[in-house]
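These notes open a run of structures that come right after.
Okay, so chain A shows up in both of these, paired with chain B first and chain C after.
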Partner chain A sequence: MDYSQFLNMGQELSLLAVILILFVADLFMCTDRKSGKGVLNTPLPVILLTVHTLLGLAPLVCPCCVADATAFGGMYVSSAMAVVVKTILNVGTVIVFLTAHEWLKQPDMANKQGEYYTLTLFTLLGMYFMVSAGHFLMFFIGLELASVPMTALIAYSKKSQESAEAAAKYILTALFSSGLMLYGISLIYGTTGTLYFDQIAPQIHATNLVQLAALVLFIGGIGFKISLVPFHLWTADAYQGAPTTVTSYLSVISKGAAAFVLFVVLYKVFAPIIDQANLLFFWIIIFSITLANIFAVRQNNIKRFMAFSAISQAGYLVLGVMGATPQGLTAIVYYLLVYMAANLGVFLIISITEQRSGGKVNISDYDGFYRTNPKLSFLMTLCLFSLAGIPPFAGFFSKFFMFMAAFKAGFVVLVLIALVNTVISLYYYLLIVKAMYIIPSDEPIPTFKSDGYTKLGLALCTLGVVLIGIISWFYSYIDQFSFGL
Partner chain B sequence: MTYTLFIILLPLISFLVLGIAGKWFSHKTAGWIGTLALAGVTVLSYYAAYEYFFVIGRDAVTGAFERQVPINFCWLPFFDQSLHFDMGILLDPISVMMLIVISTVSFMVHIYSFGYMKGEKGFQRYYAFLSLFTMSMLGLVVATNIFQMYLFWELVGVSSYLLIGFYYTSPAAVSASKKAFIVTRFADLFFLIGILIYGFYTGSFAFVFDTPEGLASYAQAGFILPLALTLMFIGGAGKSAMFPLHIWLPDAMEGPTPVSALIHAATMVVAGVFQVARLFPLWVTYAQDWMPVIIWVGVFTAFYAAAVACAQSDIKRVLAFSTISQIAFMMVALGVCTELQTGHEHVGSVGYMASMFHLFTHAMFKACLFLGAGCIIHAVHSNEMNAMGGLRKYLPLTHITFLVSCLAISGIPFFSGFSSKDEIITACMAYSPAVGYIMTGIAAMTAFYMFRLYYGIFWGTENKELHAAHHPHETKVMTWPLVILSIITVGVGAYTTLAGFGMFEGYSFGSLVSADGQDYRIHFDTTVALTSTIVAICAIGLATWIFKGDRQPIADKLYATFPRLHRWAYKRFYMDEVYQFVTHKIIFACVSKPIAWFDRHVVDGFFNFLAWGTNATSNGIKTLQSGRVQQYALVYLVGIILLIAMLLIF
Partner chain C sequence: MNITIDYFLILSAVMLGAGMYGFFTRRNTLAILISIELILNAADINFAAFNRLCQTGIEGYVFTLFSIAISAAETAIAIAVMINIYRMLKNNYVDELDTLKW
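Up next, the complex of A and B:
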């Protein structure tokens, strides 16, 4: 065996190294139980992950490294776009870690800070394998690696019943969907005799009903991860029950990886039956966006609210797979980047507010928030505006490119429906803004000071929300890789 | 010449710093930040102008100035890449000339505001907005394409709105700012539609056709270009206050006076002229037949505004109407320009040069007049002419500079306005003697109302009561800009007058800015020059006869003889009332009310139904989200089966 091919998996290896270092550090470095402060919370993980992110960029910036590489006979495939996606996931994870700081300082968390990081990074590693998979087995292993530690993360607050219930629901649904998807993969193996992405495509035919069923089962499995209707039902419960940082991780990072993989598999494997896939997604997208919007309007728990918002956003995200065009891929990755900045920004504020106010997570708790915390309200408004797609924030541009990609691919009706839904989504995002700015309250959440990590995270997200759209470099940079998939 | 980027970046940075952190600075620091940024811009602009005009601008072979694009990048791409929004910096004679005008006037205004705005609440905000405006205006003139121009065009509009409404506690300022914004925005709508038509049919937002494909696309879109250009012209007419879209400019005088000098006299209001000049090659090539629109709108506006200016009593309003009238001169000059090539006879294309020349000279002397008016208002605390009189003793420097600018705007030889206005009238004469004579007549009216204003302020009886309360005086920081601007006025005027009469051969304005970039030496047409000078002197004489004395028997008698005419002119021929009538009685009553009814009952009803439907659906399907995981799995499975079934059916 040629061990040098491991070098093609540079990002995975360096992430593994980060995990191991944190693992060892967890054994030897003590955290002060009372204050919850220590190297492990949060400087070390953030610094290591940042270094890892920067190292991971090497194939893109350094002329001597090659981004396109395979390992293990094509089971592992890396491309420049995959590197971009992994980098986005890295940045998102760094921000999630910044969110987690205050939560991990709590006395009952202080003794298990290390586990949080290792578990989170293991799921990230799983997503790496998903993103770079060239074989269904590799893909499935990555998917499971991303799912199973996630359950532990959702159940992280041991004493919270909600958390445990959410985890139970998550793992049960995850198992169910994995089982069905595995069944779909076995159907593919049965009809084609191979699981390599490249080799399957020529043997896929639109007339083969078994393969069509396999397509649906695969979409179901991925749809569960991205939380598309009708595979989304776990989302609200899990988002509400999970610790807020884990919710933010769930809503952005794991969703982003899955959306990218969905595109890759449709593009590489199911290309001959792309018309059928488009038909499926046509209805899935309409239902995801619309149903989620209808549910979001009536929520009061802000985390549950964000769950439905996330389902709706997932619908927009998947708009890019329609037609499986290179523009669609660019739009997906760009949308992911923009969505990450805005959504993590909102979660940072939800999280710090929850920590500082003793667990207030209802939208009505935010009444009069502007009076007591004007800066946070303002940043929250920026992020919500970006989520709703209001110019000049980045969310407008990401939706614009997404709609344009779908429009060019010929899905005019779908774009129109999505546009109408944007208006509805504006309504419910503004409900929060209204609560913060307009509705008076006798007992608003008192003024509080955020910690440095939250501030850093907020600064990153705000920069993202404001600049990613206006500076066209981001879009063109991503765009140049989309043809070389 | 990538350093030109800093011409835009410096004021942007100053805006961000002052806008975000302004309240932590003292007034003085904030003022210095803005002024230093502008000083940087001015130095860079002058250097860029030097480099462009004298070092690298000319094509080595033809000797004509060419377009230079030091920076250009694609800001918003569309998929097939044929249509894209670019951002960049374009240097050509008119944009470089505008850089000079904007940076000079803006710098003067920055200095002047130290004195004028001293102690005002919101001093930092004021400087932040000034920087924002300067940035937008500079971005507008160096735009490489029409979309970028539109973007900065709107930014200019916003900063104008913010500055007019600077005294936001005064209801008059607030309504003036709203009026300005709504009227110009209304006109900009046409501009936008024009741009969209243009982009749709030509497949590009570029100004020029320098590639063969570009030429082909223009030829293909030739049938629609006149419409697109005319729509864009409406946008320009709104910004440049052409009749009937002029109504916002007089009210805009509610803003601080230095702002009026910068935005509503020298720079922003000429954006419309600049836009027409920028698109001029297209006008001449494809829309020659539609150019009389520009001419007659211009001629009527020039006359109307001059007539109104004769009867106003608020000194800033007189200047505002004078500005409208002078901008109309520039518009007319562009309209009468029928050729692009300069050639030997240069008759057809002289209007372009004349228009830009007048833009330049007008910016200098009109800024000087406004800043002078600011000094006067600062000294007597009133805008009304009857509060003034006899101020020449108290404000000597203001008096001299004001006089210089009045002479310049009246078109007296050796003052800058003479040379540029003379070229405009020459161009008009070449187009049609009728237009030429009308414009000469309006020039005479200009001289008349300006000297009416001058005598009203500096001569006549003193208002003793007012002066007893406090002693009117000048401040150094406010008079320096006046002196500099009037030196420019006299210097440019003397130089161009001598050169124009052939006293010496040298560079003149036409050598730098002309329709096709070729060297064009200004030579006055003696008949035109003589006629207009005599007419101007007569008009000044008439004004002196009527208004110079302590008492004004002739003026009073005139008012008594033609009370209605005076009243009409004073009321600006009731244009505002016409607008009120049209908007309130016709549009609001006949169009808006039915629409409002429709909106309230049908549209709202539909959305209420939608909301009711959403709620009902939401109630109906809330059992879907039951919290029972068995059911979740069931839904999942049913979903899969349905999807497979769908594939089988279709």
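Up next, the complex of A and C:
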């Protein structure tokens, strides 16, 4: 056996090293030990993860010399695009860790904060394997490694009934959907005799009903992860019940990884029956965007509101899958980057407000927020505008490229419906802005000062929201990798 | 008597159907979990049967092994969540899980 192939999966190894270091550090530096000084609380994980991100960027410095590397006989495939996606996931996770600082500082959380970091990074490792999969076994293991520790994270507040309920709803639907997807994979194995992505495609035929059934089951399983409409019912409950940092992780990182994998599998495995897949996605996208928009309008809990916003954003994200063109892939990754900046920014503010106001998470609690906390209101407005897609911000450009990709692939009606829905989404995002700026309140949330970690996270998110759109380098940089997939 | 692939496929299809029916109709979280196990095992039987049919390599058997291990991990964490719920509510019926809705 050639052990040098392990070096091809450098990012996974370095993430595993980070996890092991944190795991050992948790033993010696936890706050409930006498000598423990709580070092683990945020600085150590953030620094390690940043180093890991920078190390992972090394192969991207000279794009010409990036070659596709494989390990385990093609089960693991690392392409330049996969490295880009992993880097985006890394940055998102760093921001989520910054969000978690205030929440983990509470006395009853301090002694189990190590678990939070380890579990989060294990789900990240699962997403890595999912993103780089070249074989359905690797894909399935990655998917499960991403969703099983996630349940533990959702149930993290052990005394909270909401948290436990959200975890139960998440794990039961996750198991059901992954069971159906496993059945779909078994049908693919039965009709083609192999599980390697490259070898399956030549044996897929549009006339084979068993393979069409497998396609539907597969889309069901991955649609659950991205929370597209027929499979979205867990989303709002899990988002509301989970701790706010976990919600932000769930809404951006795990969704983004799954959307990328969906594209890769459709492009590599189901290429011969892409027309049938497009027909399915046509309706899935319409229902995701429209239903989520309608439900978002009537929410009062802001986390639940963000859940429906996330479902509708997922609909836009999957728009790039239509047609499976290289331009669509660029649009997906770019959309993911922009969506991450805006959504994590909103969640940072929700999280710090929740911590400082004693758990206020209703939209009506934000009445008069501008008078007491003008800066946070302003940043929240920027992020919400970016989510809605208003021109100077990055959200406009990401939506524009997404619509362009779908339009060029020939889905004019779909783009039109998505455009109409953008206007509806603007209405409900503005509801929060209206609450903060216009609606007066006798008891607004009192003025508070954010801690340094939250400020750092907010600065990163604001930079992302403002700059990623204006600086065209990001788009063209991502674009140069998407043809090699 | 020669046991053809049809027998295995019918068995797994019946298990899949029973599992889906149980998932939608049962009210006890543990019963729902058992139904999900039926679905996962149906897929495992498929893999093993198809591998027996193909006669090339052991890809399907290996997938079955991994799948069994993964579903054991999933079940463990699902039961942990349910024990936590049982401690709070003193029962584990899904009808009682109605704090979060709409």
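Keep this in mind: the second predicted complex is superposed on the first by the 472 of 485 C-alpha atoms of A that agree within 3 Å, B and C clash if a C-alpha of one lies under 4 Å from a C-alpha of the other, contacts with A are read in each partner's own complex, and residues count from 1 in each chain.
Heads up, the rule we're going with is that contacts are C-beta pairs under 8 Å (C-beta built on N, C-alpha and C of every residue); 3 or more make two chains touch, one makes a residue touch a chain.
Only a predicted model underlies this, so the values are computations on that prediction, with no experimental measurement involved.
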So in the superposed three-chain picture, is A:A168 touching just chain B, just chain C, both, or none of them (first/second/both/neither)? both
So, A:V465: does it touch chain B (first), chain C (second), both, or neither? neither
With the two complexes superposed on chain A, say which partner A:L180 touches: chain B (first), chain C (second), both, or neither. both
Could you say whether A:L212 touches chain B, chain C, both of them, or neither, answering first, second, both or neither? first
So, A:E144: does it touch chain B (first), chain C (second), both, or neither? second
Please work out whether A:A152 is in contact with chain B alone, chain C alone, both, or neither, and reply first, second, both or neither. second
Tell me which partner A:V415 touches in the superposition: chain B (first), chain C (second), both or neither. neither
Regarding the shared-chain residue A:M404, is it in contact with chain B (first), chain C (second), both, or neither? first
Looking at the overlay, does A:W283 come into contact with chain B only (first), chain C only (second), both, or neither? first
With the touch criterion stated at the top, can you tell me which chain A residues are shared between the chain B interface and the chain C interface? 168-169, 172, 176, 180, 236-237
Chain A to chain C touching residues, read off their complex: 136-137, 140-141, 144, 148, 151-152, 155, 158, 161-162, 164-169, 171-172, 174-176, 178-180, 182-183, 185-187, 189-190, 193-195, 236-237, 240-241
Show which residues of chain B lie in contact with chain A when the two form their complex. 73-79, 614-615, 617-618, 621-622, 624-625, 627, 629, 631-633, 635-640, 643-644, 646-648, 650
So in the complex, the part of chain A that touches chain B is made up of which residues? 168-169, 172-173, 176-177, 180, 209, 212-213, 215-217, 219-220, 224, 229-231, 233-234, 236-237, 276, 279-280, 283-284, 291, 294-295, 297-298, 327, 404-405, 408, 472, 475-476, 479
Of all residues in chain C, those that touch chain A in their complex: 16, 19, 23, 29, 32-33, 36, 39-40, 42-44, 46-47, 49-51, 53-54, 56, 59-60, 62-63, 66-67, 70, 73-74, 77-78, 80-82, 84-85, 88-89, 94, 97, 99-101
